[in-house]
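Both of the next two complexes hold chain A, though its partner changes from chain B to chain C.
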Partner chain A sequence: MFDPYYLQQLAIGLSLGMTYALMAIGFTLIFGVLNVVNFAHGEIYTLGAFAGLVLISATAPPIVAVILGALAIGALAGFSLERIAFKPFRRFTDEASLKSRAMRESTLLSSLAVSIVVREALEIVFGSQMRSVPFEYLINTPVRVGPVILVTGDFIIFGVAAAMLIGLQYLLTRTRVGLAIRAVSNNPLGAKYVGIDTDRTIITTFVVGSMMGAAAGILMGLYYGAVFPAMGFTPGIKAFVAMVMGGLSSIPGAVICALILGISESMATTFVSSGWSDMVAYGFLILTLIFFPNGLFGARRERV
Partner chain B sequence: MNAFETAAPADGLSRRRGLLVPALILLLVFAALPALLAGFDKGYFYQIANLALIFVLLSASMHLVTGVAGLLHLGHAAFYGVGAYTAALLTSKLGLGFTVTLPLSGLVAALVAFLVALPTMRLVSIYFAVATLAIGQMLYLVMLNWVDFTKGPNGVIVSKGFELFGVSLSGRLAAYYTVATVVTLSVIAIGRLSHSYYGNALRSIREDDQCADAMGVSTVRLKMEAFTLSAFFAGVAGGLWAHMTGYISPGDFKFSESILILAMVVVGGLGSLPGAVIGALLLILLPEGLRALGDFRNIMVGLVMFLSILLLPKGLLGEVSALRLVRQQLGAAWRTTGPANGKGEGIGWR
Partner chain C sequence: MTAPLLSIADLHVAMGPQEILHGVRLDVAQGAIVAVLGSNGVGKTTLMRTVSGIYRARQGTITFRGQPIANMPAHRIVQLGLSQAPEGRQIFSNMNVRENLVLGGGDVGLGELDRVLAMFPILSERLRQNAGSLSGGEQQMLCIARALMRRPSLLLLDEPSLGLAPKIVAQIFDLIGRIRAEGVSILLVEQNARAALRIADHAAVLEDGRIVLSGPADQLRDDPRIAEAYLGGHAH
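Our next item is the complex of A and B:
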């Protein structure tokens, strides 16, 4: 029926999409749900990967401990990121400045500045070369499923992404914290009026989102076996694209779009050289913005 | 500069005093700096001076679209790249000289920007920013991957330096003067655009585009014009860069360069042309000055950017003070009396 080659490409695409989805989940939580433009998420991802690498080379713990360590670093990084790059710009809480474009742009640029500092600091400490992960920690043992070959990492990433997605949906729709997050994203001033501690809610969101970013980073490090200071950039852009395609505020939408992206990229490499495959993502982004400005799964917006 | 001659004669004294700062700047750029450079006579200093001037032009063109028209542009470096590649490919494939390639590099960049703007210009705020990011990355991918045409990651060697109608200007000092002249003329043009009725219309779009639309300002058309014009100047900067360095590669035009240019405009002050110029000088000269710090200089750039956003939210020279400065120094268009606007208060060049 199907050429096994295409099935294999499909499987590769799915696992690629899964890796984008992993990043996109945390990204969408901070960027889309909280409505805060955060350019430093890629660096959180890198930090998570480096934290894992340092742990591995220092004490060689079991893999679960490595991931827990990366999560802890992610939480810490998210907390400090919010404190350093976002909190100072919420000095004024009146309606005009909350809605002002100037404030959103200043946090965009401050997070960008922080991301530059973090990336350069990592380059000084670890050097800009790729560092390879010790062989025994890699999660790419091949597994044969019918006509296609997958690796163990694909299943782990699928499991983690699914757990994150379900956990986050539960958190957002079934708990008080999630309710507070949604309230703050909907109307920060209104949330304050009804007694929600907006500062704390925002920090919680950052911590949760950054933990997911760091987990994505260490998993990717173990999956590809290489960790380097600039590793967060490309997945960051792909996660961004997936988020916009999914409609900014919809986490399941972002995941589905990440999968679509991954599959179309791996299919594209069948026809053109791999250098052009990034074109697919940007092409999708432009087409979505022009023809589906609300995103494929997003709620209706007044203006885009 | 026509507007100066039309100023009322009664204003003669203040007019003369008012031109002090521009005169000093011109003196610095065209006499003091070249004298210093010739005194040191090191190729490295010439490189830095030319690089700083080119980034002044890039930052000024970004100021027009992001500062004045309020369109957050995350792909500016790509248009700079389009200009540079136009100049480089015209030189290496057709053997054309600088006199022809410079205007063409601006025009091609403007044309690309116009085509790109047609579908995307109706988007607002962050959606527009994302679209420009995608477009910038797409243009970068074309430069990187269309190996047959652009030579891909190997880059293009530009064999010809500066010249004017066949007269070579490729000596160090002559090259500096060429770059300085082109950049100064372009910055003056951008200044006239952003401190005019036209600039005010763009500012009204930035403040509230729905309101501006309702007042009869053709927002989409104006945004497209601002975007295209800014790409034109970025393309000119690219043409200068290609002929100055003699070698270009896609790495010069990637996303981080767009961000660097954006940082210059923000550090200087959004909406302020003198601020954009100062920001460009700061972010180019500071890392060079900090070369002694070695690897730490890029961190310093990030820190300077962060601290200036935190401590100087309006930028080093904010829009209001910049406008006041411009009105004081080049005030002809704002004089209260004058044949053009009778007794009324002028609000900028027409």
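Our next item is the complex of A and C:
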């Protein structure tokens, strides 16, 4: 009575959702700390993918080295992004300036500017067409699980997303760095009074969040087999929708919503042509904003 | 005579074009409680924030244990042993009481946790509770406890009695006395002049960004100008 077709669509949806989740985790982490949207997160994802591709074409290293290379570029990009697009607009001195919308709006635009510059620069250097990843690096060997066919990449992405989520929860609740990140997110002025170097904590947050974004990028490159300068845009939008649905600053909430999004999109292709599947995400965004302005998991407003 | 623990001289602080402190001079001797009195908007909190490195000084010096600290980053000042329980408490309301205290300990760690909790028994019952769910008095105690976690040599208290019931205020002032007894010097900013003068050794009155009067607390208590302006018209 249960058509295996739906199971297959569910599996595809879950793996799609996982890819959105990978992106949403880093995005939400940075939002939680600074309360600003980092529009350049999609470009960090793209940079991670290109870093991996360049490494592959230059030296053909083992896949672990490819991922480590992408992480390193992600860390460097996160650091530079913070220095260029966020630090110059930040003045934590008192409550008034913290609540000021000027900083939020200026970094919205400065991060957007950085994202455009990075995307155009990548187009100049690599061209705007898709570049394919060498076959031996692809992570799409089919694996049959009962009636459903998955590929190795699905398991890798699931594993990486789960590891990121658990690792991040551990970092945030059990380590000094993580406590400092949550403290800055909760009350930046209070953080100064207890002797936290808020500047350094914010840089750390960007580095961690961007490493996650870059890891998502290279994994997606290896999963779909294609890398191109505009590849970060759609996942960036999906991650943004997942973050808003999840209540803006709840990382587990964003992950759950990313999964809901992925499954809904994959199920929707049963009924409408796949070109319309993006409408699902935007539809969810509108419905969430109308009926759950605090997000599905945002009632408690627990940040990070 | 030994040099004071904290010495502020000719301190000018401005917010944008407007100067708020116009040459403040104030010393805190080792082991003393010094109270700064004054009504709303005279610059008391500005003074406290500048000492803690939150605001920048335009001119003047702040010396702590012989080291100039004016315009030093806030986290470095805390590391030197100068902690503040700031105005508005600034606790981490989304985090539990224990996490707040752990953060207060910073790189000194949790060595002080038992000693601090012994002074604040109410907090040891609430370690797993979110700080935002505490009552006002408990939040104030958490704020002071957090500042003590680094075993500071100087504690700055900015309006610790603000918005609290009289019974809780009495508890807080009792605590301040006990903190001093542990060897911590205290710089206290208060609108409750009566309570502050009772506990302080030395006091100064801040008006429009200047210290207009200062001296031993018992002398100020009998000063007619203080009595009129801050103690409701009659000296005690």
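Criterion: the second predicted complex is superposed on the first by the 292 of 304 C-alpha atoms of A that agree within 3 Å, B and C clash if a C-alpha of one lies under 4 Å from a C-alpha of the other, contacts with A are read in each partner's own complex, and residues count from 1 in each chain.
Rule of thumb we're sticking to: a residue touches a chain if its C-beta (ideal position, glycine included) is under 8 Å from a C-beta of that chain, and two chains touch if they have at least 3 such contacts.
Worth saying up front: this structure is predicted, and the values here are computed from it rather than measured.
Of the two partner chains placed around the shared chain by superposition, chain C is the only one that A:Leu179 touches, whereas chain B remains out of contact. Once chain A of one complex is fitted onto chain A of the other, the partner contacts of A:Asn187 are limited to chain C, with no touch recorded for chain B. Of the two partner chains placed by superposition, A:Ala58 touches none, neither chain B nor chain C. Shared-chain residue A:Ile237: touches chain B; no touch with chain C. Touch criterion met: A:Ile124 reaches chain B, while chain C stays clear of it.
In the superposition on chain A, A:Asp197 contacts chain C only, with no contact to chain B. Of the two partners chain B and chain C, it is B that touches the larger number of chain A residues. Residue overlap on chain A between the chain B contacts of one complex and the chain C contacts of the other covers 303. Listed in rising order, the residues of chain C touching chain A in the complex are 49, 52-55, 73-75, 78-79, 83-84, 86, 88, 90-95, 99, 102-104, 106, 146-147, 150. Against chain A, the residues of chain B that register as touching in their complex are 70, 72, 119-120, 123-127, 130-131, 133-135, 137-138, 141, 144-145, 255, 259, 262-263, 266, 270, 295-296, 298-299, 301-303, 305-306, 309-310, 313.
Considering their complex, residues 37, 85, 88-89, 101-102, 104-106, 108-110, 112-114, 116-117, 120-121, 123-124, 233, 237, 240-241, 244, 273, 275-276, 278-279, 282-283, 285-286, 289-290, 293, 303-304 of chain A touch chain B.
Those residues of chain A whose C-beta lies close enough to touch chain C in the complex are 93-95, 179-180, 182-183, 186-187, 189-198, 301-303.
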